[in-house]
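The next part holds the structures, each set out as structure tokens.
In what comes next, chain A is part of two complexes: it sits with chain B in the first one and with chain C in the second one.
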Partner chain A sequence: MEKVMSNKLVIALYVLPSLLLIMGIIYMPIVLTGYYGLNEWNGIGEMTFIGLENYKHLIQDSTFWSSAFHSFELALFSGISLIGYLLIALVLSGKIKGANLLRKIYLVPMLLSSVAIAQLWMKIYHPTNGVLNSLLMSLGVDNPPAWLAEPSIVLLALFVPIIWQYAGFYILIYYAALKNIPESLMEAARIDGANPWQIATRIKLPLMSEVIKVTIVLSVVGSLKYFDLIYVMTDGGPNGASEVMASYMYHKAFRSFDFGYGSAIGFFLLLVCLVATYLIRKATASKETIQYS
Partner chain B sequence: MSKNKVTQGLLLTLVLMLVLAGCGGGKNNNATNAANGGNTPATDATANEQKVTINMMHLWPAGVSAQQNKLVNQIIDQYQTDHPNVTIKEEVLDNEQYKNKLKVLSASNELPDVGITWAAGFMEPYVKGGLFAPIDDIKDGTLLKDKFVAGTTEAYAIDGKTYALPIELNISPIYYNKAIFEKYNLQAPTTYTEFKEVVKTLSENGIAPIALGNKDRWTGSLWYMYLADRIAGNDTLKNAIAGSGSFDDPGLVQAATEIETLVDMNGFNKGFNGLSNDEGKAEFMNEKAGMYLMGTWELPNFTTNPDIPQEFKDKVGFFKFPTVENGKGNIDSWVGGPGVGLFVAESSKVKEEAKAFVEYFVSKWGEDSVTTAGVIPATKVDTTKTELPQLYVDLLNELSKASSITLFADVQMKPSAAQVHLDMIQALFGKAVTPEQFATKHKEAIEKGN
Partner chain C sequence: MKVATAPGYNSGRVNERKILQGTGYTLMYLGLILVALVQIFPLVWLLIFSLKNNQEIFNMAPFSIPAHPHWENYVNVWTNGNIAQYFVNSVLITAIALALTVLLASFVTYAVTRMRWKGRSFVLGLFMVGLMIPVHSTLIPLFSLFLKLHLTDSPISIILSYVAFNLPTTIMILLGFYYALPKEVEEAAIIDGCSVNTMFFRIILPMTSSVLATTAIINMIYNWNEFIFVNTFISSDKYKTLTVGVQNFIGQYTTDWGAIGATLMISILPILIVFLLLSDRIVEGIAAGSVKG
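For the complex of A and B:
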């Protein structure tokens, strides 16, 4: 086996399939998108090269910036919700009754497809016979809001199911990270008289800091390019109040037949995500990795 | 420990399976390609004996368009029995998803052999991009010659060639719930003042006067179009869309203002801007709303669909959009027009078979749609032969009396202008723009061309 693996040709041969796949499915389209973004193109006919015209338009496009703002709001929101996930994971990893069952319950939304979740929440939010408004009315609220139709609250109403959707995923990651911390460390701390709070903040959190960094990147980048629930539940409406970057790109490309502009938005979105990742990595970088054992 | 090993084993198997699947897929493709190149070309003269698969994409899911779905399957079954070598593969999506998928597929030039399109502005980019095949030959073919109602196929013609054949002809009445009207002593209104009176009464009694799902936006556009027609007259909106008139026209601005008034009167069901058309319709079907403005393609739900209780169907009546006092419009002018039509993809490998199928489909649809589906076809209907629901007969009579039928605004416009129009409609209903801004945005979009 070692002999085979030392042969460069063989290594290349083994790497080739996945290399081709990743080139064909990920990198080529990115390059092409970049190229389309420099053209005026309706998706069907001839392309006309117009240089950076699309990007110039993009910078002045107030609808785009408001959708970008919505995306950043979502990123902020999901970033903050990570704290909640972390707390839940900490509790679950402790020796409480039914932790196993609860863990599974939190994971359920992740198993549903986005469209099913969207349909479910559309029923919940239905202005007249939705669960939420029926509940509010039975509690004596005369005129509960039409959650998905009012520009001022539609974004918040969408964030809730999005957060709910990914809760299981992050809780699972944190839970696994917590379970990886050697029991001996905690025992030693307990013998030294540390209380649970100290154990959590001084031992558990530092030891899982790498994992936390990864989840921050995942949730921020995931939020910036978020699309599914918003597309199904409000389609960016009413009047663009819940439009995010990805849905705006979709609308431009596939509704208005402006593929050039849509591609420019897509490419810009990629840049935004790259910059965000870089900044987060930089901001959370630490000189040394913490090791207690 | 052992658990770990099992997991590892499973993971390994999964990875291997993926690899295998990947390789397998490639091989299969090669195999089919070879087969295609080798002996199937359906365009061959010997095609009769060859097995042919025609892919068809349509927008009548069994859930929301039960009758149409039944009819499509009936026609396909019949066709397959008559032509044992032909297999028709269906792909069904609902309206909005359908429009999206059509665009995605056309961007990669992978349209189904036969599909559904809308007329005029909607189909223009597809035709200009060479994606639809001209089908004048079957329009004048043995089955369809002189069968279409005058003026219906023209909407599908660009530069003198016909690229799709209409199967529906629609007008949009306001359906209303007779029981609700009776309960509050209301009459079907004929003038706009009476109409507002109805809205006011229903609203005061806690009933949503009008069912509307304006997340889809074209639904709200119907209301604006009718008001524009009744206030500013038949040609004003048409000219504004064509660019020869202007959206600044005081009549058109007034129409937008009237929309605002209706919203202020709580004329529409709560949260309409967040509800899809199907959800809006549900308000009417559940008798929570009194009126519903929609095309005659909804007729099956009020007449023939066995899943809807007869009790409800008996309650549904319709009236024509009322005239506005001092308006230039005429009560017999309708919003509607040929609805959807069938196209054949230019890139289809089985173009001839697909055309033959479309010819058969359109003619068969014309014969059966009245009785099976309860929709009005674009081909001439012989009403003497069959017993038809009264609602249907009445609307058919209205159709023959119509002084003009204005095509839906978003279909008339080119795609990018249509999006501006639709977005503006939602904004207008949500009171996020004033009628003046509404007019300005439209003007900009129309001037921009596409």
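For the complex of A and C:
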């Protein structure tokens, strides 16, 4: 048994291809992004080592800071919207008929490609023929906004389809966690006279704390690196009003062919994501972990 | 008297509470249904406008169903342009990447959970940390790597990237299942003289078929919807997948809403059909693979 199960050749055959793949396609590029960020480079020609010049430039680049600010706004919105998803999941996990069907319906947008969602919502937001403004006009609103062309509202307008896309996913996770809580605990609390609010806040939420932490990390980090819908729907516009870190990186590298500077942004994005993960984990760390009995 | 009023008083309170609970229940139920409608209505609208011509879209009420549905919108986009080619590319790339990912992930998970060797927890850690790396931070080095290897504008670069970035999630879903496999099966197989390979392919893989199906579906959804790699690496139409193809196609036909609607429907229908058939497994898989956001 021992001998067969520690056969070095078999282990190498089973593990090495995958290991080489993630080394070559995930880890090596991360290191290279860090290195390219120290160079001036147009992606094809010679690289010139310039030390921290790109990062000095980054600190003074107001477009970068406004795109970083937009990313943080998205992260904040996403974090707050988790409360709504949690409430929906709490209601859904009560004795609701058709809860299973409802959570499946909620999940449908999550299965669609970002491109399809983006194109669909561009049509929904269309200033004259979109379904949103058609409805608003039939309700008597004379000049409904051109949602994606107004710098002051474009970020919020983009956030709606992002919520639409991910709501079902978070509701599903919360719902699964709530269904995992043993019914006997709630029953005991009810016999002791606890009302539904007390049961939710004193029993259900503490038992879900691990799941809630994971979703905070997911939604915040996911928002910080968000790209797809924004790239298709506004491409960072109008006038940079919806530019985020990932789209700014993409524009610098693949439109302006400033691969060195783009890499510096990409490396910064990686650091922001890792630091955010660490900080959220630390801020939400509890001294004791609660176990399901 | 006392005995007679007490039950009456009590039942009155009970009734009142029941009515209150009933109203609360109805309100919550309506809330849940409202969320479901919000999730589903954009898609209903998409289906409806994919069957209209521009005149009907711009002049009729948004949710009115046309008297004569324009099914030819679908025929037109399928036959003119490259949608059929993109569709085939998406199917092939999705299927190949999926098969490779599930097989390689099974190898790794098997070696890490069932075999004995030094460094297995470190190797597993490498795969798990891969979950935290933002795709965008690897994009520039990957692009220049594939450029050097003459793999840009080749499906190989896409498949390798999909496999690498989906391995961590897939391994994570498989892990719990592999840890739970009974040791006795392997012991019996080894006593019977099985090699590790025979055991893996003849015994372990069939035993894990249900979780393999789950990971396959999750991989299918990710691969089918992926945008950024194809958009960055692939330039010629013959290798583009549906997400990127749809994006380019719609860019050319910005004014023909019916054609755009039909294109979007074609791109999301395969996923919707799979969801209708296998929704329970998808729900379970998304909950299990939830670390990927």
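One rule holds in what follows: the second predicted complex is superposed on the first by the 273 of 293 C-alpha atoms of A that agree within 3 Å, B and C clash if a C-alpha of one lies under 4 Å from a C-alpha of the other, contacts with A are read in each partner's own complex, and residues count from 1 in each chain.
Basically, a residue touches a chain if its C-beta (ideal position, glycine included) is under 8 Å from a C-beta of that chain, and two chains touch if they have at least 3 such contacts.
What you see is a predicted model; the values in this text were computed from it and never measured.
When both complexes are superposed on chain A, chain B and chain C clash. In the superposed pair of complexes, A:V91 makes contact with chain C only, with no contact to chain B.
By the document's definition of touching, neither partner reaches A:M208: not chain B, not chain C. When the shared chain is aligned, chain B and chain C each come close enough to touch A:G43.
When both complexes are overlaid on chain A, the residue A:A149 reaches chain B alone and has no touch with chain C. In the superposed pair of complexes, A:L112 makes contact with chain C only, with no contact to chain B. By the touch criterion defined above, A:P17 lies against chain B and chain C together after alignment on the C-alpha atoms of chain A.
Residue by residue along chain A, chain B and chain C are tallied for touches, and C comes out ahead. In the superposition on chain A, A:I280 makes contact with neither chain B nor chain C. Look at A:G237: by the touch rule set out above, it reaches chain B but stays clear of chain C. By the touch criterion defined above, A:S263 lies against chain C but remains apart from chain B after alignment on the C-alpha atoms of chain A. When both structures are laid over each other on chain A, chain B collides with chain C only at 202-210; the other stretches in 202-210, 220-228 or 274-282 stay clear.
In the superposition on chain A, the residues of chain A contacting both chain B and chain C are 17, 21, 43-44, 128, 254, 259.
Contacts from chain A toward chain B in the complex involve residues 17, 21, 42-45, 122, 125-128, 146-151, 154, 234-235, 237-240, 251, 254-259. The part of chain C that touches chain A in the complex is made up of residues 28-29, 31-33, 35-36, 38-40, 42-43, 45-46, 49, 57-58, 61-63, 104-105, 107-108, 110-112, 114-117, 123, 126-127, 130, 132-145, 147, 160-161, 163-165, 167-168, 186-187, 190, 195-197, 200, 221, 224-228, 232, 242-244, 246-247, 250, 257, 260-261, 264, 267-268, 271-272, 275, 279, 282-283, 286-287, 290-291, 293.
Contacts from chain A toward chain C in the complex involve residues 1-2, 4-8, 10-11, 13-15, 17-19, 21-22, 24-30, 32-33, 36, 43-44, 88, 91-92, 94, 96, 102-116, 119-121, 123-124, 128-129, 131, 134-135, 138, 164, 166-169, 172-173, 176, 214, 218-219, 221-222, 225, 227-228, 232, 246, 249-250, 253-254, 259, 262-263, 266-267, 269-270, 273-274, 277. Of all residues in chain B, only 19, 22, 96, 100, 103-104, 106-107, 125-126, 128-131, 214-215, 217, 269-275, 279, 283, 288, 415-416, 419, 423, 426-427, 430, 432-433, 450 touch chain A in the complex they form.
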